[in-house]
Amino acid sequence: MITAGVIGATGYAGSQLVALLSAHRHVTIGYLASHSHVGKHFGEVYPSLALLCNLPLQEEDIEAASQICDVLFLALPHGMASHKVTEEILARCVVIDLGADFRLSDYRVYQSWYQSDHPSSHLLAQSVYGLCELHRRAIRAAQLIANPGCYTTSSILTLAPLLGKALVDPASLIIDSASGTSGAGRSEKVDSLFCEVNENYKAYGVATHRHTPEIEQELSREHGAALVVQFTPHLVPMNRGILSTCYANLKPGVGSDEIESAYDEYYHGEPFIRLMGSSLPETRFVRNTNVCAIGWRVDERTRRVIALGAIDNLIKGAAGQAVQNMNIRFGLDETAGLAVAVASPL
Amino acid sequence: MITAGVIGATGYAGSQLVALLSAHRHVTIGYLASHSHVGKHFGEVYPSLALLCNLPLQEEDIEAASQICDVLFLALPHGMASHKVTEEILARCVVIDLGADFRLSDYRVYQSWYQSDHPSSHLLAQSVYGLCELHRRAIRAAQLIANPGCYTTSSILTLAPLLGKALVDPASLIIDSASGTSGAGRSEKVDSLFCEVNENYKAYGVATHRHTPEIEQELSREHGAALVVQFTPHLVPMNRGILSTCYANLKPGVGSDEIESAYDEYYHGEPFIRLMGSSLPETRFVRNTNVCAIGWRVDERTRRVIALGAIDNLIKGAAGQAVQNMNIRFGLDETAGLAVAVASPL
Amino acid sequence: MITAGVIGATGYAGSQLVALLSAHRHVTIGYLASHSHVGKHFGEVYPSLALLCNLPLQEEDIEAASQICDVLFLALPHGMASHKVTEEILARCVVIDLGADFRLSDYRVYQSWYQSDHPSSHLLAQSVYGLCELHRRAIRAAQLIANPGCYTTSSILTLAPLLGKALVDPASLIIDSASGTSGAGRSEKVDSLFCEVNENYKAYGVATHRHTPEIEQELSREHGAALVVQFTPHLVPMNRGILSTCYANLKPGVGSDEIESAYDEYYHGEPFIRLMGSSLPETRFVRNTNVCAIGWRVDERTRRVIALGAIDNLIKGAAGQAVQNMNIRFGLDETAGLAVAVASPL
Amino acid sequence: MITAGVIGATGYAGSQLVALLSAHRHVTIGYLASHSHVGKHFGEVYPSLALLCNLPLQEEDIEAASQICDVLFLALPHGMASHKVTEEILARCVVIDLGADFRLSDYRVYQSWYQSDHPSSHLLAQSVYGLCELHRRAIRAAQLIANPGCYTTSSILTLAPLLGKALVDPASLIIDSASGTSGAGRSEKVDSLFCEVNENYKAYGVATHRHTPEIEQELSREHGAALVVQFTPHLVPMNRGILSTCYANLKPGVGSDEIESAYDEYYHGEPFIRLMGSSLPETRFVRNTNVCAIGWRVDERTRRVIALGAIDNLIKGAAGQAVQNMNIRFGLDETAGLAVAVASPL
């Protein structure tokens, strides 16, 4: 059995993680921390999960936690994990950070987009970007895994095969994404109130969203040279789900066959990728699953491919991928504890 | 022209009031206060209303406001208005309080349900309960009008004719209400976050909700003796609307005809009451209107009447009724500035 | 392994059943019928479930199905199952009917509420009402199990202990329920369109809803004499969930302790009942689970108990309870294939 | 007074039109037709609008209607209006068609995208494309006005100034739009059921949506040469609203100042255009109004402009613009009967 700890256990990603870990047959949860609910039990904050897990919630002490846990999951606002993780902690246990601090390999890119210094840039060299389908080999040996962002997971998985196979113009990438509201977290903000979100659709972070450099880092790697992407997130009045609608100009001679082959080859045998071809994904198709569903259409009129990727932002976009990373790192069945398909029609 | 001021202008009820007053042909808004947005203009907080009203938002100063306004609307949390209103202010201008402080004529009832002292119980004698259809005459002469609560408006309007005509057993009254989420206000609470409200239905304040004594006060008056009611509110994942489903045991010999006659007589000529008979009201039928729609069914098996009343909680349940009170008080057409029917099918 | 068949497999209850059976370790699905999707595969109609089950959908032939299945689930509109089930079919396999045809033991009650003749009233004597917590013993030996309705499940489970222990006045029962929209099924009706349901709350079937006689039948049995109930359903803009808010007058001398003891004793050891006491249930607490969560408050002012029961209408209110009935009937672990708690915070 | 008729009065666009016309001080409704509700009164189908309009609904007879009406609004599925409109009818009254039949000036483009012959292509020459801000002069003299589609209105209004001023590369236009569900109409389709739409976000009509050639026709006119656009619509779980997120590559030397000037000049004095600059529009900001709100951001990293346009799909995207067209055609105040800002905060 693996002993796991979760710091930031009562946010939406954190609590989803607790739920998944509680049902994981190879895991025992040994430590839960929640700054805002210290002293309560987990089931008091999430009554629907009380039967799965009802551990006490502690004030976070990553030092102590690292002494008793084999793996520590950090689900904290950006800028906090990088203050806490040290070489000593990493020597003792695997750290899977669901935040943004260790995702960008170049600390200057971090400083530019997050407009603050990076307090532990010396650790970036050993951090592995935990997008499982792209970095499985490195994840197996990593002590520090940077779990990708939600928008980034859907965007990179949807576009990587097209760049890896050099089928599209790398200067033409536009990613138009829309997310359910759990992506905004459980913090008390007017903008997240029901009456502000319900019956509304809006864009935000246009040209400035911090998931942009993550997407660029990984797609540049696929492309073999630096590229920039246009990324625009939107907010949808629903709890869960992200759909990324991605546009790219086709290179001369590229058609539907080449696109289909690229996806088939790139994702051959992947348990959590569902290729749908021209039968397009919807967010409900992957709700409560760790699956990324990908579809595409070639538009000969415009010589573009429109590729769409759907995930559950709290599962494949956060907690589920974190568990997948743990499974890979500890040599478990990669699908352990992760439903391939959810048992509900709606 | 009447000069109006609104204190608490950026909450949901307050902003609805600003919107209605801005479009009212007999009103000029002379003063807006918002503790949480001092220094901004109204249109910055509500861009959709900027063309209607874009006055600066001030720190509240009820003394100063009362010098320039003919009528002051207070949209504040309970316990605050009663600290601010004085005889001097009432001598200068009409005060319409959308909060709870002046609704209960007996300060001991207030203290019992609100568990705090009433700081200006000496003003209660001159306060008029502003349920327009029941207290129109007193409202015409009032300097201090206590605008009713949202649940109370729908509940009292639905049950009053049955008690006024002595058709039902006063010991049998059960009111099961459900409200959209704007009723919880615009404050930053986890319970009001989109993801907590969406895809959920719950009861709250069971046996303890503070609208209970208001309902009892008014229905006791209709009945001619003290009665108690069972009142249970629920939260619905929608922005606006309240439906109160009311149950009462029929007195012997009472049937559909007596019920229908009672409603017809009681509400004869009322511009904002829509009697639907057995064609039951839904909250969408009254959205964005000041109408209370009432329907009923007699169940001969159980010898009960089930009467249902629907309102828009922010209009007839708050800001609209406040305007209606102002219209009555200042001798205007009672429907001025209040749409009888909204121009949209959904 | 048990071979199961589902007739009516593509409605909301039917597809939920297919999903649950597909993941059940003791079950193989041998037959799926869907009148409206004959010739397609299940996964074409429900892409999100394609990895769980992708059997072909056949035109229904209950005779043929009964030859290959150990258990047949019928998820059909009322009036259809009673035309199809015969003694011969029941001799060959267990039938669990999710419809209304075999729930009422007195065919005259059926004819009165459904306003049509009962085509197989001779089978009613052997039908067992499949509310598992109340009829477990009879279910073990039944060939024909009438799976209860959704509203009825939440209502009966919430009120049964109070009647069984004679704590409340049986003439005073009022049940005010609200359901998510999946309860209306997947048929193409204007009233079920998104724009008609969204941002609306309404009552329907007031005094005439057909779940009323089911509730009366079972609560009369608990009470030991015939009683009538007042039942009012409402429609909530959400996909899943039912909350029943039940009112009953307390008998003299009955207080919180007696209520609590009644629930504790009645449901001792029940795996799918979660007693919450004064910490009230919400529909999200039981979403995607087979649990009925029950809470209550005693109101000494009115001398009533307000008891609330929440279920997922598609699981405990339909497909989940059907699986629970199968588990009981075939001597399996009663919880097999049924999650006690769902692995998601929202 | 203008006598108006509406054919197709009970769909969402038709009923919105009835509502607006009923409140229009220069209009009397003389004729309402609804194929699916013949014999009922309008208020039976839309109880919330009964006080505004309760005319009987007739079987459509455009000949008879044209004899009594000054203006006829057609709100019919595509392919129907072009069968009914004749030179004779146009000689008698103005026809404003809310459908697609007369929008495309080249009948071959119609045949290509709609895959059917155009039954009255001889009328196309006199049809005026009723996007008011672009074709006001021609509308004043038109007998046949083709009211634009909903997506097209938001898309063209957002991009026209950029093309008219030649600030962007016409080969680079990508329009990613999202609409509330009323855009799918009131017909009984499984895909429009509440449970299918709620908690879901999806794209549809990718590379094939029929609003594409409309957008191309109008933007080509602005550009001065034929261009193609990439247009992708999405479905959002809300009743009303469209947001179009438009991407275009900036020409060398073009920056924020040029963009802002282009919008300011192009829309100078327009009563229904609200330029928000970098303060981006949301669909709720224009709900229940005839306003198109437009905002934009220049991304110097990618050398693109991202321009966003929000409308209420049933008002500026359908019924409101139809009324605006009527106002222009009949020489009325262009804003008559059209609220510039709605009187509600949410």
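For the reader, a short list of remarks on this structure follows.
As written, the chains take the letters A, B, C and D, and residue 1 is the first residue of each chain.
Following the convention adopted for this analysis, a residue touches a chain if its C-beta (ideal position, glycine included) is under 8 Å from a C-beta of that chain, and two chains touch if they have at least 3 such contacts.
This is a predicted model, so every value here is computed, not measured.
Using the contact threshold fixed earlier, the set of chains in contact with both subunit C and subunit D is A, B. Farthest chain from subunit D (centres taken as the mean of C-alpha atoms): C.
Chain pair with the larger contact count among A-B and B-C is B-C, by C-beta pairs in contact. Chain centres here are Cα averages; for subunit B and subunit C they lie 39 Å apart. Averaged Cα coordinates give subunit A a centre that lies 38 Å from the centre of subunit C. Our note on geometry: subunit A versus subunit B, Cα centroid distance of 46 Å, whole angstroms. Chain contacts: subunit B has residues 12, 182, 195-196, 198-199, 237-240, 284, 287, 346 touching two or more partner chains.
Touching subunit C in their complex are the following residues of subunit A: 12, 15-16, 19-20, 22-23, 46-52, 182, 199, 239-240, 274, 276, 279, 284-289, 314, 339-346. Residue ranges of subunit B in contact with subunit A, taken from their complex: 12, 181-182, 186, 188-190, 192-199, 237-239.
Against subunit A, the residues of subunit D that register as touching in their complex are 174, 176, 178, 180, 195-196, 198-204, 206-207, 228-230, 232, 234, 236-241, 243, 245, 247, 280-284, 287, 297-299, 301-302, 304, 306, 308, 346.
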